[in-house]
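Encoded as structure tokens, here's the structure I'll be asking about.
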Amino acid sequence: MEPVQSQYPDSESRKTDILAVFAQFRDELDIRYNLHEQVVKLGRDITVESKKLIFHLHRNNVTTDVLMLDAEKKKTSILKKFHEIAKLLVLEDSLQFIRAYSPGLQEFIEAMSFMQFLKLESQTATSNIHTAVLTLKQVQNILIFPNPAATGDKNEHLTLAVPLVEYLLGLADVTGEAMRMCINCAAESIGSSDLNNSRSYKLCAFVRILYNAFQVCSTQIDSSAGRMKLFKEKLRTMHSSLIKCEDACYTVKVRGQEIPNHLLKTELLTVSSPSYTE
Amino acid sequence: MNEEVGVFGMFRDIESFLKTEHDVKEKIRDNVNDLEQDARRISTILQGIHQPCSAGSTTKQICHQVKAIFDSVRVCYEKLSLLVGKQQYFKYCSLWQGVTTRFSFYLSLVEFLEFGKLVERQKVADLMGLSVEKSAGFHLELDDYLCGLLLMAGELSRLAVNCVTAGDFKTPIKISKFVYDLEAGFRLLNLKNDFLRKKYDGLKYDSKKIEQVVYDIKIRGLGPKIDEGE
Amino acid sequence: MEPVQSQYPDSESRKTDILAVFAQFRDELDIRYNLHEQVVKLGRDITVESKKLIFHLHRNNVTTDVLMLDAEKKKTSILKKFHEIAKLLVLEDSLQFIRAYSPGLQEFIEAMSFMQFLKLESQTATSNIHTAVLTLKQVQNILIFPNPAATGDKNEHLTLAVPLVEYLLGLADVTGEAMRMCINCAAESIGSSDLNNSRSYKLCAFVRILYNAFQVCSTQIDSSAGRMKLFKEKLRTMHSSLIKCEDACYTVKVRGQEIPNHLLKTELLTVSSPSYTE
Amino acid sequence: MNEEVGVFGMFRDIESFLKTEHDVKEKIRDNVNDLEQDARRISTILQGIHQPCSAGSTTKQICHQVKAIFDSVRVCYEKLSLLVGKQQYFKYCSLWQGVTTRFSFYLSLVEFLEFGKLVERQKVADLMGLSVEKSAGFHLELDDYLCGLLLMAGELSRLAVNCVTAGDFKTPIKISKFVYDLEAGFRLLNLKNDFLRKKYDGLKYDSKKIEQVVYDIKIRGLGPKIDEGE
Amino acid sequence: MNEEVGVFGMFRDIESFLKTEHDVKEKIRDNVNDLEQDARRISTILQGIHQPCSAGSTTKQICHQVKAIFDSVRVCYEKLSLLVGKQQYFKYCSLWQGVTTRFSFYLSLVEFLEFGKLVERQKVADLMGLSVEKSAGFHLELDDYLCGLLLMAGELSRLAVNCVTAGDFKTPIKISKFVYDLEAGFRLLNLKNDFLRKKYDGLKYDSKKIEQVVYDIKIRGLGPKIDEGE
Amino acid sequence: MNEEVGVFGMFRDIESFLKTEHDVKEKIRDNVNDLEQDARRISTILQGIHQPCSAGSTTKQICHQVKAIFDSVRVCYEKLSLLVGKQQYFKYCSLWQGVTTRFSFYLSLVEFLEFGKLVERQKVADLMGLSVEKSAGFHLELDDYLCGLLLMAGELSRLAVNCVTAGDFKTPIKISKFVYDLEAGFRLLNLKNDFLRKKYDGLKYDSKKIEQVVYDIKIRGLGPKIDEGE
Amino acid sequence: MNEEVGVFGMFRDIESFLKTEHDVKEKIRDNVNDLEQDARRISTILQGIHQPCSAGSTTKQICHQVKAIFDSVRVCYEKLSLLVGKQQYFKYCSLWQGVTTRFSFYLSLVEFLEFGKLVERQKVADLMGLSVEKSAGFHLELDDYLCGLLLMAGELSRLAVNCVTAGDFKTPIKISKFVYDLEAGFRLLNLKNDFLRKKYDGLKYDSKKIEQVVYDIKIRGLGPKIDEGE
Amino acid sequence: MNEEVGVFGMFRDIESFLKTEHDVKEKIRDNVNDLEQDARRISTILQGIHQPCSAGSTTKQICHQVKAIFDSVRVCYEKLSLLVGKQQYFKYCSLWQGVTTRFSFYLSLVEFLEFGKLVERQKVADLMGLSVEKSAGFHLELDDYLCGLLLMAGELSRLAVNCVTAGDFKTPIKISKFVYDLEAGFRLLNLKNDFLRKKYDGLKYDSKKIEQVVYDIKIRGLGPKIDEGE
């Protein structure tokens, strides 16, 4: 190699220069990593609180109004954490930190769609149950916050990124909760001899819609091998949830068919008095 | 410079510590084996409840026999407790957790059979010779007690079916109400995604199965008359 | 089954009783899970700060005294986090929560033993380098804190559990840091033509001792299959670190042998003046 | 009830969104392929520095040729930038990260060859037609720039060896000093256990190798005389 | 330096060869994507059979819609066949194996729904525009056909359950007989292919589930009366 | 250079030794393939028990046909036994363990169908032409016999369901008693073998399913009257 | 019951088809085993190049012996070609790919040893009795040829080291130039095949090692004088 | 109820049989633990060969100490042999295979250190108190012996490096010749055992590393003079 003849920098000053820029780099990296850590911690809180919210929604032993009121409170508390994340990332592209809060976001989407289903369910017919699905747009709208440092007409709002993939993964998990509730409802319907109007059917229809939609979407996603495996795994889980729901509805139906074939039909009417069903 | 010899010495200490630990673990395993032997004996006795009355012992006898074995169980736990010491409960607890859970299950079942109610955590602990306080060292973990209750629910769903086969239409209805209450209780908990959560997920199936049995009884008018009370 | 005749509890009161005890259980579980979450967060901080401390210790461009002073400060800051954990767990058996702070603890042990080695290294001969290993006892002594709520002669101190396994896993990782330093030292020794007294030899000896000790201990541990795999993995990593150290020492030695075989020996004496080595 | 149709509609939207996304990705990939083509061309040219002077071009010519190709590189990044848009940089960045890192490496190397100093992040970005500010959307990530520097150190260790083979004993000493400074810089960073950390771990080997070369030169008195300065 | 030119020339030829091959692969992928699009459409339509009758189309309509899409499928396979050529079927077959298997599954299901019998491999191949002979180049692999049959069995077990829920007690009994024969057929095979073997294990499970459905129908006297014929 | 010859000579001996061993293994595999062929034939015949009586052979005929095939099975095991030799049984046993387990299952099932009782290990071994003693070299492992029993329990749970479908309400009750005893037997065992333990967990499930069938019969009053005896 | 016969008949045909296919695969495996035997023999001979000249055969003799074995190799490939048929090359090619790659490696090495130049793909194919055209059915895949070249580079880096040990300072310099050109050639390729790409990464490593050897020779003035030519 | 007694009796026999077997296994494990203790002691001693001479014992002393421990090893194997019996060697061999392999490795290393040659399988077996014949029941498996040799090669590559560091330039050259022959031997083998094959791949790597050490010695003229002999 023939070295280019040029004014090489003086050795000592070069060293000083290098150390100076690297000190800047260190600060830049430290800030980013610290931010990441803070978001991770808030994300963990969100996961925990969303899980609690879901458990709460399964507690149908209180009247629905009270249940929903408490649920709204819990939701507000979770949104505060999201707001904190949004404030932390005000100068950043939240997509860059998505991995730090992705588990929390997914659990939150799961909780929100479960909550929305429960709210709309009673006033929605089974054939129309698809309207109870929480949309991506709805999720995105929830995650818009006022910007305390808003300046004039710009930056009025803080938003957090909700990539489609996160939405789908969160939505996928709600089938698990719906399945749990579907089986519980089947048990209740049988217990209360209310076999024809079981909520199980509605829940099963809801799960079926989600499964069909997720199946179509998930196979179209152009994703990394690891993500692809995750989607396939979710799809398997959803399929097995759907099967469990269908089996539960089958049980309810089969039980319902038991009555007419027995002589004891008339006696039944006296036995299945409301006092019995607690 | 005492340390000097000390470091190689430390590793020698560690080696001998590991040796001791290994021996302790072996002894714990022996004890747990004895406990498992007792658990198998109890399990065999408890199977009797699924048989037609005539074939085996009465429920009362069964419960009595089971509780008798707990004398031996208590002795075992006493020994374990001495072996393990106060500080090391959580170090070794995975070794006996399985069998403890099973004993808790047996006792919950016996309590229901005898008194139709939920066994108290304190009572389970007492019958096993344990404390319910963590501070006591060797104690009955809440998770193990709860897990025992869930195992009981599974067994009760089987019992409901077999009662009908044996012509007993009252017990399934009692079971139904009991498991309904139990489920309401569990619904209060905020569980993690752990072993307990997995077991709890099975509860809804047990509940459904029991309701099916009750339904079958009801539509055939086989259940107790309303005015009979319970 | 013949039901035992006895006074079954009244249905309503039983339900109330059950709900009451389960409410207690819920509180007990919530408290435990919350505690776990708090400890996990502190543990993450400890991991991050310990890693920073290790990076700091590799920065031999400042004089050792200043380096160590800063290191002590960082250590103090980490110990504060441990103290917080200890305070949180004052009524608990810290062993029950070990998994929540185990990664932080291991990283801390790694940092502490690296620091101790660097402190003692200069005044310790290679043949005696085993005295620079941080002992389990020393780790345990570091993690004793005053109890703010101490009552009389009891509970004077708060301690955190340091199981042997955690100690060994933390110690295992220090070989990685020693290896990095060993190769850096080899490069420096060659650069400064100081081939006989290279710190590489000392670091290699240190790594060899740790490897030999860990090998003996780890195969004796009666552990779960998962843990066993982890130990084997660590042992492999340590072995490869040791090989790297040995190769570095070999390079230094081979270079050192180059001199006498060349006619240029005499010229060398004039060339290798100190000004050359910057 | 606009929503009503809306939900099935949403999933149809999602499908078409995914289709669009897939097409965007394909276009990005095509662009990245073009960039990789350029990168291979640069790589081929840069190999010339390892050959004896007589056989190939002079270093000056090589640097010149490399920089000429960056005209095409800039056009590509321009296109990419338009394709990706401001908001989606981090969504797709894994697709071009590899090649960006390599360009950063080539430019760091050229800067050292030409001026014997560390290339500035701003300069690398400028030559690639990028910004250094995240807020600008399509930018040069700090990690990619740093990773490029580490790749350069590896290449310099190889260059030091080949310089000696070609009879050039000055350059290795310059390289030695430069990499020494670079290492001091990197030592300031608190890295995570990621890709950058792994690359950084290789730096010490490069450094060692360069020192060996310098040592070989020194003990044979082949280096520049002290009074020659540098 | 003639030598060098030679080597470079050869590698340039190789690169253009690799480029061509890569382009072929890309085109195959595009075609397979189109096939997958069709497969998704069919899958969505076929899910309708699990819906309560009132909610969706009749089985007849569903089968009709599915078969209509196969016009597009055949065109795709035609294109693929031209792209791939006779010799290279096995070189690329992993790219379309998944989707081919699914088409085979859809056609087996449609045949059962329409005619209640096992579709022949020839018919599946015809509807996809393929041959059954390996010598024809682009053909329907035996394994893919068999795998399609096993996927159908899984779907039928689900259908049996959902038919009952929808109040149809005849279809499950038809399904039961059909799957019994299918299982007997598979029992003759000595499957070496691990994937098929695993799927075959699933068949036993599906079969048991269908038997359970028939059992539930029969024990409640819900099935068609014997004199009703079927 | 004598040394070298020595080393090479040794390795040549080792290679011929490895070759011989490999050939033995191939021959064992061929024999096991033949056994698997027989196993598939038996499996096909035994499926007949799940069909309505009219459609196929009687249970008696089925059992007869199955036992006839064991003539061929015995010949195969004879050959295997000669191939393997006394000392090497455990070296290769994983190769035939699967098929041996299945034969043991078939024979347990046949014994139950013919005589309604548990087959003895000695009888199974005799029909397969094996010993029950380890010292005899080629023998029937206890684990394989036990595993066969557990597979039988699974098949019986399926049979119970299908009997009801075919209108036979007596057999399920026989099965129920038989499996109850079998479960009680297994409960005595402290199983350490993980595979068996997992299968044993399946037994509980089979047992529950059979209880459910008996329940369904009893609650509908379909079972044999008590005074009918059995 | 005609239907049933049909299904069974079909499955019997399928089984015999599967059997035939399995037998073909077994025969292919036997042939590949023979090829591997030849490959091991060649490998043993070729190791001779790393030994000091005096101890073994000359390079010329070694090359001669290697090429003699290819008579047997060609016969094997001939047989394989007949077995596999034109259409099924890619179905089974994973079975012989490993050994084919190795032969290609051996021939590339021999060509370098004999003539100091890069072997052409056509020549490799000829010596193995294969075509280079895919359309010919059984052919030498481009990937396998390239992989062979990369394996050769690894062997050459080892040879460079051992030559110096044996006091031969000329060959390493020849190797260095040869591998430099080879690397330049590979740099032109846009490798998509992951396996090749990984091997290609190894080439950079081999190349660096050879450069180090040349460096060691040069800095000690051990190489041939420039005016000596080469 | 005679039946029941029969079944229970049989299962009680089985349980006691399982118990006995389990106890045998426990005893084997205890013995293997003792062997592992010995292996750890040997390993610690043998690490001494990598230490600078001054720090530890001489190679002679080390070999002597190692062989002394084999007195205890032989006693252990004697006990094991009695416990296991002739027929059950392969039933339990996985329990001691790891430690046996390590002993074989230690003895191969000692043989090389003492006599510079390859230890024979017979000698290894003798020192461990075992036979080399399978027919003898408890023997030294060929695979374990071979695996020991490969482990030794890895250790020797490390030793070659550390010898140089300690200023010993003769031993690496001895090691080089020895490992060259060993590699030639292994090249003759057609290894089917995946574990051995993987270790064998490591041998090539070890061999290259040793060649590099010899190269470094030779190019600096550090090795023994030719006329010195060795």
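We just call them A, B, C, D, E, F, G and H in the order they show up, numbering each chain from 1.
The rule is simple: a contact is a pair of C-beta atoms (placed from the backbone, for glycine too) under 8 Å apart; a residue touches a chain by one contact, two chains touch by 3 or more.
All figures in this text were calculated on a predicted structure; none of them were measured in a lab.
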Contact distance in steps, from chain D to chain H: 2
Angle, in degrees to the nearest 5, of the Cα rotation that carries chain B onto chain F: 90
Pair with more cross-chain C-beta pairs in contact, given A-E and C-D: C-D
Interface sides of chain E and chain G: same vs different residues, half threshold: same
Which listed pair, B-F, E-G or F-H, duplicates the contacts of D-G in over half of its pairs: B-F
For chain A paired with chain D, centre-to-centre distance based on mean C-alpha positions, whole Å: 40
Between chain D and chain B, distance of the C-alpha-averaged centres to the nearest whole Å: 63
Where chain F and chain G are represented by their mean Cα positions, the distance between them in whole Å: 49
Overlap residues in chain B, where contacts from two or more other chains coincide: 50, 162, 177, 184, 188-191, 216, 220
Multi-chain contact sites of chain A, meaning residues that touch two or more partners: 11, 33, 216, 220, 258
Interchain contacts, given as pairs of chains that touch: A-B, A-C, A-D, A-E, B-C, B-F, C-D, C-H, D-G, E-F, E-G, F-H, G-H
Touching residues (chain side chain E, partner chain A) in the complex: 36, 40, 43-44, 47, 50-51, 54-55, 158, 161-162, 164-165, 167, 213, 216, 220-222
Complex interface listing, chain A residues touching chain D: 1-4, 6-9, 11, 14-15, 17-19, 21-23, 25-26, 28-30, 33, 91-93, 95-96, 98, 128, 130-131, 133, 135-137, 163-164, 213, 216-217, 220-222, 224
Contact footprint of chain C on chain A as seen in their complex: 11, 33, 37, 40-41, 44-45, 48
Of all residues in chain A, those that touch chain E in their complex: 127, 208, 212, 215-216, 219-220, 243, 246-247, 249-250, 253-254, 257-258, 261
In the complex with chain A, residue positions of chain D that touch it: 1, 3-4, 6-8, 10-11, 14-15, 17-19, 21-22, 25, 49-50, 53, 58-60, 63, 87-91, 94, 113-118, 120-121, 134-135, 142, 146, 159, 162-163, 166, 168, 170-171, 174, 177-178, 181-182, 184-186, 188-192, 230
